[in-house]
Amino acid sequence: MGLREVLLAVFAFGALAFALAVVSTRNTVYAALEFVAHLLCLAALYCLLDAPLLGVLQVMVYAGAIMVLFLFAVMMLDIQETGRESAFQGPGQVAGALLLAALLFALLVFGADRFPAAALAPAAAPGAPGVGADNVVRVARALFERGALVFEAVGVLLLTAVVAVMVMAKRRLEN
Amino acid sequence: MFGVGFFLALAFALFAVGAFGVLTRRDPLVMFMCIEMMFNSGNLALVALSRYLGLASGHALVFFVVAVAAAEVAVGLGIIIAIFRTEKDVNVDHLSELKG
Amino acid sequence: MNPLLVVLFLPLATAVFNRLFGARLGKGAAAGLACASVLVAFAFAADSVLGLAALPAASRQVLVHVYDLLDLASFRVGFDLLLDPLSGMMILVVTGIGFLIHLYAVGYMHEEDAGEYARFFAYVNFFVFSMLTLVLAANFLVIFTGWELVGVSSYLLIGFYRGKTSAADAGKKAFIVNRVGDFGFLMAIFLIWNAFGSLDFSAVLPHAAALSPGMATAVGLLLFMGAAGKSAQGPLHVWLPDAMEGPTPVSALIHAATMVTAGVFLVARCHAIFELSPLALGVVAWTGALTAFLAATVAMVQVDIKRVWAYSTVSQLGYMVLGVGVGAYTAGLFHLLTHAFFKALLFLAAGSVMHALHGELDMRRMGGLWRKMPLTCATMIVGAACLAGVPLTSGFFSKDEILLMALRGPHADFGLWLLGYLGAACTAFYSGRLIFSVFFGKPRDHHAYEHAHESPWVMGLPLVLLAVGSLAVGLLGLPGFLTHWQPFTDWLAPVFADLKAVPEASASRALVLGLMALYTGTVAVLGWIAWRLYTGEAAAHPADGEATSALHRLLWNKYFFDEAYGFVFVRALLGYSRWLWRWVDQGLVDGTVNGVAAAAQAAGDFLRGRVHNGRTRQYAAYLAAGACLLLGLALIYHR
């Protein structure tokens, strides 16, 4: 078991553990911080899975920008008031949710198992998306050649979101 | 041990944890984080399969998911703050004004 | 370019132009354009017909292919035009008389504002185009297209005074009654297509003998159903008298001279089919004879002068149909030609009277008008003489020929002749009655009389030209024993070359002369009776609603046709519709629709309280459960 395997095991365990922590922590600020840790673990996993670009992106966009937004929101809301109640509903609801989540997990696993393995012929050389600069080039090709239209559409979506947020913020100022 | 199956199982587990969080938590911010967690589980599955199959298109897809998630977070948080401004309360169980 | 295309499409072009821009051009330009286009069309038509006449008699057929309407593998129909002696005669009538009526309308419609004026001329030009399409058609699809187009233009023109409810109703009535006939025509076309696999006249009519007797009868009767609708033969005649709601030039052009003769034209065109079926021909002949007689009796008691001419038109169309029904196609078409002249003349003269009396049409309020409007009076007398069959006028020769053929022709029957003869006697009476009531005797309405005036020259000129034409056209078809110069019969001979030679010899000269003497005497006697009855101060006109006898009431109410239709069709249809509305539509259809909606609403109300409760996390649970369900189904049904 080499260094890579050790790191993989550590970060996989970390991702799962922090995810559970997010779900079970009552305090929203702590939950947010645990979520950042969860995201960083995932970023590390991406890097180990030959996706360094996505790893960097994960750190910058998710752990950086999006989580800052979250913390902003936490600050603007009065968390003391919401935090006072228990994080979970009654035991019946928790049991029901647990059942649903477990069912979902089981079905997904069975589904993946039933999926025809032959159709997913593994690449001749594992890690073929390339490492380092090669990876960036290949992702860029996938993005801007076959995915050009989707790329544009995502741009429009982001613009729409920006405008929507602006409208909401403006109305608040008027009020 | 760390084949594609391992990472898929991890992704499914994260997905289930996220779903559980959405179903049980009442704080809309935490619900949001759980939704993001479910997004990320999908991303993880994509990255793992991309490596397994030697395809870069999975990475491109992750890129798009991240962009959409960013947009969603911006709008979602905006809505949550707007609700809080009018209701002074963000417990989702107390919000049923829009039930029609 | 073939001159026929100019004949056909020039009126259409001016119609479209006048409808779009005529109102802005002003009255003079719109009317000038319309008249000029028909005059040019007439010139080109005359040129075409002269070109046709230059050909040897046997090959007088010109086929013009305009474009392919339909070109499927097994079914090909072109927009084809056929110029032969029959259609040549018709295009001359349509454009020639059409031009004179256009000219008349310039004066008659003068009081309309520019927009209505242009609309009128656009519609009339469109009618000319439609009628030319009908008569020039070289296959059944094109003739049906023209057939429907004239129906549309007739509808538009009957309802031209769109502010008047009665005009709008009359237009609808004409259109709907014609639908009944058109249904038969369409069925006939389907049968023809089924039997021959083609709709071209050239592929159907020369080979008509291939039809089985039953099929020939069916096709013939269905074709005649269409013809009866368009030519106002009983019992489908009810629309024509009401069609007089349209402007008078329209009555003259469409509902007297041209469109209503389309049925006669159709039977003549398809004579090869009718000749195969004695039954179909018999139905045609008897329908014509009965219509000729019954409509003439109705005309004897009507007091509205346009309505008298309307029933007279129905009656005269009956003579034409009788003519073609007894196999005397040439005689029937000759009557079509003469009638086109004198009936157009009579309508225009009636319009002139109406114009002079500011819309008055009741002959009981006229009288002595000859001093005020001598030209109208003189021309109308010429027309009425032709209609009544005064010897040596065109109507005398043409009607005489038809009656002779009804008595001695290939499909003769004494009953047919008798009905025709009695109808002719009635015709003489009502013609005299109208002329004497309107123009002679003493004025019965002095106010109207004082204000009466002769019409302007633009209305007078067509009257004179038509009067001259009415007299002159008789020369084309003088009786066979007078002269061997028979231009009309000779001209049409190629069209009817397939018929067995008409046994002219079977009618001896003594019989012909005797019949002529009989007609002359009848006309003289009945004319004299009308003169005695209707020139006095207390003319023998009963007032409205006052019936002197049961017979008079029957005639005054036009044999109660409208009432019978109202009872049988309208009331029954309304009852049935009401039943459908109440039980099927409101009960079944609406009940189903409302029931579904109510059930959905009840289910929604029920679910809203339980499912749609506004709890976000519960919605999320539904979402997760749905995802589980879909995944589970995918797993179960995968492979």
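As written, the chains take the letters A, B and C, and residue 1 is the first residue of each chain.
Everything that follows uses one rule, which is that contacts are C-beta pairs under 8 Å (C-beta built on N, C-alpha and C of every residue); 3 or more make two chains touch, one makes a residue touch a chain.
Note that this is a predicted model, so its numbers are computed, not measured.
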- Query: How would one label the connectivity among the chains shown: line, ring, star, complete, or other?
  - Reply: complete
- Can you pull out the chain pair that has more C-beta pairs in contact than any other? A-B
- Item | Separation of chain B from chain C, taking each centre as the mean of its C-alpha atoms, in whole Å | 79
- Note: chain C sits from chain A at a C-alpha centroid distance in Å of 82
- Message: Can you compute the centre-to-centre distance for chain A and chain B, using the mean CA position of each chain? Integer Å is fine.
- Response: 6
- Task: For chain A, jot down the residues that touch at least 2 other chains.
- Result: 96-97, 100-101, 104, 108
- Where does chain C touch two or more other chains at once, residue-wise? 621, 624
- Message: By the touch rule stated above, which residues of chain B touch at least two different other chains?
- Response: 19, 23-26, 93
- Task: Provide the residue numbers of chain B that touch chain A in the complex, in ascending order.
- Result: 1-2, 4-10, 12-21, 23-27, 29-30, 32-34, 36-37, 40, 43-44, 47-60, 62-64, 66-75, 77-82, 84-85, 88-91, 93
- Would you mind writing out the residues of chain B in touch with chain C in their complex? 19, 22-26, 31, 92-93, 95-100
- Message: Which stretch or stretches of chain A touch chain C in the complex?
- Response: 96-97, 100-101, 103-104, 107-108, 110-111, 114
- Contact set on chain A toward chain B in their complex: 5, 8-9, 12, 15-16, 19-20, 22-23, 28, 31-32, 35, 38-39, 42, 45-46, 49-51, 53-54, 57-58, 61-62, 65-66, 69-70, 72-74, 76-78, 81-83, 85, 87-89, 93-94, 96-98, 100-102, 104-105, 108-109, 112, 120-130, 135, 138-139, 141-143, 146-147, 150-151, 154, 157-158, 160-162, 164-165, 168-169, 171-172, 175
- Message: Under the stated contact criterion, what part of chain C meets chain B in this complex?
- Response: 608, 612-617, 620-621, 624
